[in-house]
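Each structure below is given as structure tokens.
You will see two complexes here that share chain A, one where it goes with chain B and one where it goes with chain C.
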Partner chain A sequence: MDLAGLLAYGLFFLNLVGIYAIMALGLNMQWGMTGQFNIGIAGFFAVGAYTSAILTTGPSPTWLGGFDLPFLLGLAATVLVCLPIAWLVGRITARLRTDYLAIATIGIAEIIRLFFLNEGWLTNGVRGIPGIEKPLGTGNGGYLLIVTAFVALIWLLVEMARRSPWGRVLRAIRDNEPATAAAGKDIARFRLQAFVVGSCIMALAGGLYAHFVGFVSPEAFRPLYGTFLVWVMLIAGGSGNNLGAILGALVVWLIWSSTEMLAGVLPTDLIGSESAFRVFLIGVLLQIILVSRPQGMLPERRPPMPGEPR
Partner chain B sequence: MVEVIQLLINGILLGSILALGAVGATMIFGVLRFAHFAHGDFMAVGAYFALSVVTVFNLPVLAALPVAMAATAGLAVAIDQLVYRRIRRVQPVILLISSFATALVLRSLIQMIWGSSNQVYQTGIQLPWRIGPFTLKPDHLLIFLAATGLVITVHLFLTRTRLGKAMRAMSDNMNLALITGIPADRVIMATWAIGGALAAAAGVFLGMDTRLHPVMGWTLLLPIFAATILGGIGRPYGAIFGGLVIGCAMELSTLIIPGSYKPAVAFAIMVATLVFRPQGIIKGTV
Partner chain C sequence: MIEIERVSRAFGGLQAVREVSFTVATGSITGLIGPNGAGKSTLFNIIAGSIPPDSGAIRLQGEDITGLPTHRLFHKGLVRTFQIPHEFSRMTVRENLMLVPAAQRGENLLKSWLSWWKVVREDREILRRADDVLAFLEIDHVRDELAGNLSGGQKKLLDLGRTMMTDARAVLLDEPGAGVNRTLLGKLAEAIERLNRERGYTFCVIEHDMDLIARLCDPVMVMANGELIAEGDMASLRQNPQVREAYLGTGSSGQTGTGT
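Let's look at the complex of A and B:
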């Protein structure tokens, strides 16, 4: 690969890292800080991607399009559309125990995917929506600046939330729910808030993804890409730590991309299907992390006790 | 009316497949206290084990069934020893994430070994029986009888053997069971073996009824969990009941909404259960 090719690949790579980092930050709000086990990330990701795709593309006879809105309005709409959906989902599930929440969220994600797959009038069904353009005619390089800006912005907001009294309550709920309730905090309300905020961050990542790839179809929102990789990223990076979430996105996407090369080198007879082999490797990697270093690369830092120097 | 009864027949068939999966899932949930997300993929692995036996030894599917069940039981115990056992003491939720990873590993292994296209046990069309206005395939009767037989076997195991009673005791009250000296490790291994074997049977039946595909189990995971929750977690009999209810509801729903939304029906019932009666129809143990 020559230098220009390498550079182009690097830009492509970093854009996706940024989009995944935003999702990992959203998940960190839910799982890392509040202890909510959401494995329906792909659903909110899809809501964001489709919202932005439908609102910013030109008219089409086969799906509901033609709004031609500018990029930023499309992104704002992803949050606005996700808000009521996440609120409804959170409202139903906020009181549920962890394992019930897991089952419920993965169900919601699958139903959202089924909806996008079956309601062709809205989404063009299995054929997907093509022709979603990057803003201002930017290439991958220019778009990387936009994505990086969003990563920085979201990181700042999430980190501020984590250090705020609000974030402290979330972590208190995660660590000791009865004690937090005894301290007079409305646990269901805080959970609902964290769930909605985290889900909207995921939807925003979906919007950025749609413009980056230029094409959305239900296939992209299978639990593997939308949900599983994000989980591996957060766990590997260190759940509860926002920088860890970003680092995890970088490292895991690097590993994920290099498995592609590894799968390309190995003979096909040996590994059967290339994509299956990559999933296999990443699944084994997660098992190894869980068994050997469940706290991740950058473990969550305990906040200082009162009077203790920072 | 004819249509409704025909759908009910299909529903009972689907329900008995779901029940087999749900009995295993509910026992694992009861004894180990976590939702096992790889359960659907155990089903798929079992179905593909049977496919290998069928193609290599040229045997009928029902002869391959015990082999597939034994192999999947062994696999379940092996995965538990290799992975789950090491993280059991940390936090149940870590087990949950781990089972999610197991699910993907198993599914991709299936794709790597057997390929990702649709496969069937037998080619050719089976002539359905026509009984009045209803149709029934011979395979369907076979599946129903075999599933009933397995459920009765599990019932006898749980009520008549020491290990089965120990399993119910652990599911009912873990601490009390441990104090009375129940060998927890053996019970856990037995739970995995039975859960794996039943999942394999469900997978083989599903493969007989439709076709084999790497995601065949994953798509049924949600209905299985719905059956588990509806029947009360840790209650094998509740799971059977839940499976039949969910199966019939999924089939009957095609009268009103498009068939492609069938999984959503199972999900809606599950959410309704969680909201209005979170302990399940029969009170669960967890």
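Let's look at the complex of A and C:
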């Protein structure tokens, strides 16, 4: 690969890192800060991607297009559409403890994916929605600036949330629910808020993804890409630590992408199973992290007291 | 004033609390004693909204609060501690206290985002209150420790400290003295007395340490086998044959009459 090719690949790579970093930040609000075991990330990611795809593309006979909204309005819509969906899911699952919440959310994510797959009038079904344009005719370089700005903004918002009294209540819930209730906090309300805000952040990442790739289809929202990788990123980076979530996205996506070259080095009789091999490698990576550094690369730190510098 | 009126609760075939009625007068430190399994903690859980009663009613200042969830009771001025300390183990001692005050501006996420500096200013005020409480309880030297690292007795003090971060009118203390050494116990009793005297807190205290009960509480309620069997000051209860047999006496294991 020559220098220009490497640069082009680097831009492509970093855009996806940014999009995954936003998802990891959303998950950090749910898991890292509150202890909610959401493994339905792909569902909210898909809601965002499809919302933005449908609202920003031109008219089409095969799906509900033609709104032609500008990029930023489409992104705003991802949050607005995700809000009631996440609220509903959160209300239904609010009383569920970790493992039951996990089962419920993965089911809901699959329901959402199958909805997009089967409601062809809305989403063009399995053929997907093509022709989602980047704003202002930017290439991957210009788009990277936009994605980076969103990573910075979301990081700031999630970090402020973490340091606020709101985040303190979430950490208390994660630590000891009966005592949090005894301190007068409405646990269900705080859990629901964290779930909804985290899910809307994932939807926003979905919107950014749709414009970056230019094409959405149900295939992209299988649990492996949408959910599993994000979990590995957050745990590897350091759950509870927002910079860790971003670092985890970078490192895990680097490893994941470099295993794409596996096809060239695998023994001939294993060619064709490289995708299974990649998942296998990521699984091994996760095991190594969990055993050797369970807190992740950047462990959680306590937020500073008011007036304390940091 | 907490009025407990004919409260009953069964777990399966076990009648844990049977038709218990008594009143915790405003400004009193009311004791609740009895052998293990007498139903004291169950009654506390019912008053504090952790479990609903099968029948009966709880009133706080005349208002029916039966079955209200714990966090709602908190806002009505009724708070509790737990038999086993319920600290937030992965938060610092200061954070444990700072969590408690009600209606913090920063507990609203939007306000935290949009008026960050106001939230920080308010939090600074809450921090000062927390430090005052820690100084009052004389555990300010551990203020930045994780609460999980405290000794059992310090955790009990921290539990009490959390109730001091509220505008509580009535506090339910479930065995505040359990596992606390003599020196610390004196400090704990002193803190409870001061809160009662200086801030007008009403207390209802479950405790097995009869010296502590005798020092703090008047009146004292005695429960056995889910029923209230006596009430009065500690001196008179010590003379009461029924109480002696059920609890204070020579520990006869031949308790009979479970009743069901």
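Assume the second predicted complex is superposed on the first by the 296 of 310 C-alpha atoms of A that agree within 3 Å, B and C clash if a C-alpha of one lies under 4 Å from a C-alpha of the other, contacts with A are read in each partner's own complex, and residues count from 1 in each chain.
The rule is simple: contacts are C-beta pairs under 8 Å (C-beta built on N, C-alpha and C of every residue); 3 or more make two chains touch, one makes a residue touch a chain.
Model, not experiment: these values are computed from the prediction.
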Which of chain B and chain C A:L224 touches, first, second, both or neither: first
Partner chain in contact with A:W166 - chain B first, chain C second, else both or neither: second
First (chain B), second (chain C), both or neither touched by A:S273: first
First, second, both or neither for A:G107, with chain B first and chain C second: first
Partner chain(s) touched by A:A210 [first = chain B, second = chain C, both, neither]: neither
Residue contacts with chain A in the superposition, chain B compared against chain C: B
Chain B versus chain C as contact partner of A:A183, first or second or both or neither: second
Partner chain(s) touched by A:P294 [first = chain B, second = chain C, both, neither]: first
Residue ranges of chain A in contact with chain B within the complex: 35, 37, 39, 92-93, 96, 98-100, 102-104, 106-108, 110-111, 114, 117-118, 224, 228, 231, 235, 271-273, 275-280, 282-284, 286-287, 290-291, 294
Interfacial residue positions of chain C with respect to chain A in the complex: 48, 50, 69-71, 74-75, 79-82, 86-92, 94-95, 98-100, 102, 104-109, 112-113, 116, 119-121, 123-124, 126-127, 162, 166
Chain A contact footprint on chain B (complex, rising order): 29, 34-35, 37, 83, 86-87, 90, 92-94, 96-98, 100-102, 104-105, 107-113, 115-116, 214, 222, 225, 229, 258, 260-261, 263-264, 267, 270-271, 274-275, 278
Residue ranges of chain A touching chain C (in the complex, touch as defined): 157, 160-161, 164-166, 168-169, 171-172, 174-176, 178-187, 193, 197, 302, 305-307
